[in-house]
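To keep things simple, chains are lettered A, B, C and D as they appear, and every chain counts its residues starting from 1.
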Amino acid sequence: MAVHVGVIGEGVCSTRVARQAERVGAAIARAGAVLLCGGLGGVMEAASRGAAGAGGVVVGLLPGLGRGDANRWVTIPIVTGMDQARNVVLVRSCDAVIAVGGRYGTLSEIALALKLGIPVVGLRTWRLRQPEGRRVPLLTAATPEEAVARALRAVPRRGRRARTWLA
Amino acid sequence: MAVHVGVIGEGVCSTRVARQAERVGAAIARAGAVLLCGGLGGVMEAASRGAAGAGGVVVGLLPGLGRGDANRWVTIPIVTGMDQARNVVLVRSCDAVIAVGGRYGTLSEIALALKLGIPVVGLRTWRLRQPEGRRVPLLTAATPEEAVARALRAVPRRGRRARTWLA
Amino acid sequence: MAVHVGVIGEGVCSTRVARQAERVGAAIARAGAVLLCGGLGGVMEAASRGAAGAGGVVVGLLPGLGRGDANRWVTIPIVTGMDQARNVVLVRSCDAVIAVGGRYGTLSEIALALKLGIPVVGLRTWRLRQPEGRRVPLLTAATPEEAVARALRAVPRRGRRARTWLA
Amino acid sequence: MAVHVGVIGEGVCSTRVARQAERVGAAIARAGAVLLCGGLGGVMEAASRGAAGAGGVVVGLLPGLGRGDANRWVTIPIVTGMDQARNVVLVRSCDAVIAVGGRYGTLSEIALALKLGIPVVGLRTWRLRQPEGRRVPLLTAATPEEAVARALRAVPRRGRRARTWLA
């Protein structure tokens, strides 16, 4: 099975953020990894376009009730019909996640990945400090290509990956 | 986007049912469609093996919390962590569904597909009559290959597919 | 904790079925059990009205994104935002389930309860035969009051209830 | 319908945080509101104990597959079987949410509430700054009682509450 890298970010974004997301998507595809995202517009669409342009597979985990919401670069649309709960499916299905820009939805997904022990790399995203000042293991990167490289290096080797239990 | 055909059936099955499921999977892949299934053993594994053997893409919508549950023929594992609720995601993501054999879980998925208006073809599966004797639009087939052919013919043409609303 | 009895049935129903559902709800409340349902109209609303009229607690597991969809007799609305997947939460949260009338959605919930080993009593609902002719343990009742009595007798005694594992 | 106030926080916590959570639960019940929480230990259990001790209703939205995981103060256990996705159901079902202490799971829920436009009050919890320095509307409180008072004042008046759409 190929490595799964998720790209998270909001459905409406600036041109600048979109360009970064597109480069992230392209780098994921060039590395032979599958891109997972929420399948809609903004960061999701830009990353999808980047991956599809580089010949990659794009899985879109859609929040709504039909496939019609998917952006045109999604190759495998999954119709969850579960609104925000689809984010949990998205994060859990990834070996590593890259957050590009981002507002509250993205923060929620970053936190979920941290909780599940899935590596997260942030690109122009939230900076976090725990209530008691503990360090948050959110990786950062200066460029889209560096973000993808860091994400791939952080993927646990197959077989070592701990199961995350119900809690 | 390729047509998505789901294969539903239980996680433990007879050799006879497994052989049928494998032929269903192979026919789906030969038709250029993507196979979606629950990603585990029994009917799911046999169908996955058939599709993978014919060079197809196999999406496994896993009920548990990790990718380790997937059978070895799944090419794109989606880790829902939602137990039985993953069946809803599976059915909703398909253009048509084929039920092979099956016990209660399969019946639940057949009923869900009927509710959502997604075509279902049954192969050695439940026969159903509504409480008031109304006909149930569950298609049937005598062979795996006929099941796939009927499923593909029943797929609504793109653009005509009605959205299914929250209810 | 009180016993939880679910009432399942469609969102649009005949006056006759509604009267039966209302009596089911009233009998559940008189027995001191909590009624769980999908929170919308039809069978769900009639059962809710019956339970609320008898002073009972009515939990409505809503499929949509807001509380506004709940019928007026729901005392505890839970907003799942998960469309059909809320049925899984409903069935799993019950000690026993009563199906009143019903079309495909109800069939899907009956099958799910059978799969999870939760007792189901049917009132004017689907009759089922397994593919290989095996008996289906769907209890039946001639009146609403008998349905509730059978459901309560079928509730596993606390402590004996087996956990249902991920599969 | 009573006002629904959610209490979020981790399943293992210090005695100090537990005492605060217990006072939060008690204040919610004294105000006549229903307490919703994740139903397990730590902050969830302490808040449940506080509310139950003050005669309140405690809804526990459990992540696992059985009711046996609920702490003993939960009066209405809802068995989601959806692991982390139950957090989405919890947040969406509340008029306001109070975060007590908290690590990544709590952060994820705070972010989700902010995304859905549901008021959140934090007590010894995360402090947040958006990537571009925008203010985050996370209310704060110095005592448990103040947290509950702020949460209740922030509840949108019935009828004015905007629906949150699929996105």
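Operating definition for what follows: a contact is a pair of C-beta atoms (placed from the backbone, for glycine too) under 8 Å apart; a residue touches a chain by one contact, two chains touch by 3 or more.
Just so we're clear, the structure is a prediction, and the values are computed from it rather than from any experiment.
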Shortest chain-hopping distance from chain A out to chain C: 1
Chain at maximum distance from chain C, centres defined as averaged CA atoms: A
Separation of chain B from chain C, taking each centre as the mean of its C-alpha atoms, in whole Å: 27
Shared-contact residues (touching 2 or more other chains) in chain C: 65, 81-85, 88-89, 92, 166
Residues of chain B that touch chain D when the two form their complex: 65, 81-85
Touching residues (chain side chain B, partner chain C) in the complex: 11, 40, 63-65, 82-85, 87-89, 92, 101-105, 107-109, 111-112, 114-116, 124-131, 166-167
Chain A residues touching chain B - in the complex, by the definition given at the top: 1-2, 4, 34, 57, 59, 61, 65-68, 70, 74-82, 88-89, 92-93, 161, 163-166
